Amino acid sequence: MLTSIYMIAITAEAMSGALAAGRRNMDLFGVALIAFLTALGGGTVRDILLGNFPVTWTQHPRYIYMTIAGGLMTIVIARFMRHLHQLFLVLDAIGLVAFTVIGCNVALKLGYDTVVVVMSGITTGIFGGILRDIMCNRTPQVLRHELYASVSLVVALLYLALLSHGVTENITLLAAFSVGLLLRMAAIHWKVSLPVFRYSQDRWD
Amino acid sequence: MLTSIYMIAITAEAMSGALAAGRRNMDLFGVALIAFLTALGGGTVRDILLGNFPVTWTQHPRYIYMTIAGGLMTIVIARFMRHLHQLFLVLDAIGLVAFTVIGCNVALKLGYDTVVVVMSGITTGIFGGILRDIMCNRTPQVLRHELYASVSLVVALLYLALLSHGVTENITLLAAFSVGLLLRMAAIHWKVSLPVFRYSQDRWD
Amino acid sequence: MLTSIYMIAITAEAMSGALAAGRRNMDLFGVALIAFLTALGGGTVRDILLGNFPVTWTQHPRYIYMTIAGGLMTIVIARFMRHLHQLFLVLDAIGLVAFTVIGCNVALKLGYDTVVVVMSGITTGIFGGILRDIMCNRTPQVLRHELYASVSLVVALLYLALLSHGVTENITLLAAFSVGLLLRMAAIHWKVSLPVFRYSQDRWD
């Protein structure tokens, strides 16, 4: 089940990457590369940080094809994005939760400390979007907009708390997805975001 | 032979990095660092992604010295760049092909799947330039201009196709360089580029 | 002793990251993430480049907590930064020297070549600041302002020269910190910087 959700998730993330590339007028190659990076970059950064070699996608070529196909397909359906907006936000939120849970699981299996497990989940959840924004030369959006990275944090903490209390994997997953999706949708609907830190002194230090 | 070409290649890439640093008014240290990153960054990203430790340049100090020297030397000859423009484009194209072939070979030796071998070649070919542009705070040029990343893709595919059909290493290399250089030079001369994806909706998702 | 200094160093770097995040109006999560990346990113890049897994902070959860706490605390004391400016510059300089020395030691223990040891020290010293600036979408300041990266280079060379001449660890550390701090403070006071390379031709290559 988590694998099917993962497929949906990487396709949604690949589309988000392709749209960002389109805003920078990139060529087909750029669109494919940014789609790939957005979808699989979070997991790649996680694998490298945890020393988890070989990196996941190098062992699953179909993930590579899916993200590139998702990116290029986006060019065709971009004109309908306005109508697909709601659906897209839901898919993106599903991706965020799925990536977070998978990231926690990878670090758990490698025996890392709990705080590292949480960071592994968050890294998997948000770093694809961060790499996308760095490649498109803009300040990472996930650190500024409605609750996004925070949803990943809540999902990771909830997931670990339930597992450590002996709740079954299935119920834990159900809870993680329910809470994560609700929280993200509520944040978008009511424009909830974390408090922002504004600082404007000139000197860089 | 490939080693001599590699030397030329990293020097040309180091120069391209130094010029980009100069456009941002960086100091001597910045010029040397960007030169190093542009020349050896693609191979470094490849080695990390493939779990190929120790990273190549850590075992070959002279590559480090060459890129730093190439970067600093560029400061002196920058005033003549207008006259060296054609030569520089040829050297840069040679670098692109050489990096791509070397990147494919590294992944081949490690036994990765064909699509990963192709991505290893492309990563080695273009990621130095991407890191250069990220460090200089601009959108990666290789994803927007005349065929560049695509040349790397064509070279990687051709190289693997010929090898898998039992063509000798020397002829394969000759073919890769001929096709790669011709394609790149033609793209520059006739301003050929891949179709561009333009998207301008406001929201980031 | 070096451990206590390291604690001060990562807190100072975390604060510098938080201030940069504040200039981009990031939310609390963004502030915590940039603080973490600025403080521990240099060592992380070093560990990955040297194949030194597991990455240091994954084995020391308290460093993670300290940087996040340092980042969030900065939001509270930001209004006093004008008065703390001098103190902050000293702490930042201490961090630069401490990171450089630690980076050299890690590479030394792994048996790398001298030039790689120097680069390991510099990477640890300056890459946190580079990651901070990339995440905040600006050209890395450490490559443009008063002597900063160069101080890291001088400290690394001095440290290795003294060690190789059999000077004791304690005296070597004392010399590294004295020279590094003096050099950095002098550079700030008299606005000393390396010569800058200016280049303004239009084409990117």
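Of note:
Note that the chains take the letters A, B and C in the order they are written out, and that residue 1 is the start of every chain.
Basically, contacts are C-beta pairs under 8 Å (C-beta built on N, C-alpha and C of every residue); 3 or more make two chains touch, one makes a residue touch a chain.
Here's who's who by UniProt: A, B, C = Trimeric intracellular cation channel family protein.
Note that the structure is predicted; figures quoted are calculated from it, not measured.
If you sketch which chains touch which, every chain touches every other chain without exception.
The angle of the rotation superposing chain B on chain C, based on CA atoms and rounded to the nearest 5, is 120 degrees.
Chain A and chain C, compared by their mean Cα positions, are separated by 29 Å. For chain B, residues touching at least two other chains, in rising order: 48, 134, 137.
Residue ranges on chain B touching chain C, taken from their complex, read 16, 18-31, 33-34, 44, 48, 53-55, 58-59, 61, 64-65, 75, 78, 81-82, 85, 88-89, 92, 134-137, 141, 145.
Per the touch definition, chain C reaches chain B in the complex via residues 48-51, 112-116, 119, 130, 134, 137-140, 143-144, 149-150, 153, 193-201, 203-205.
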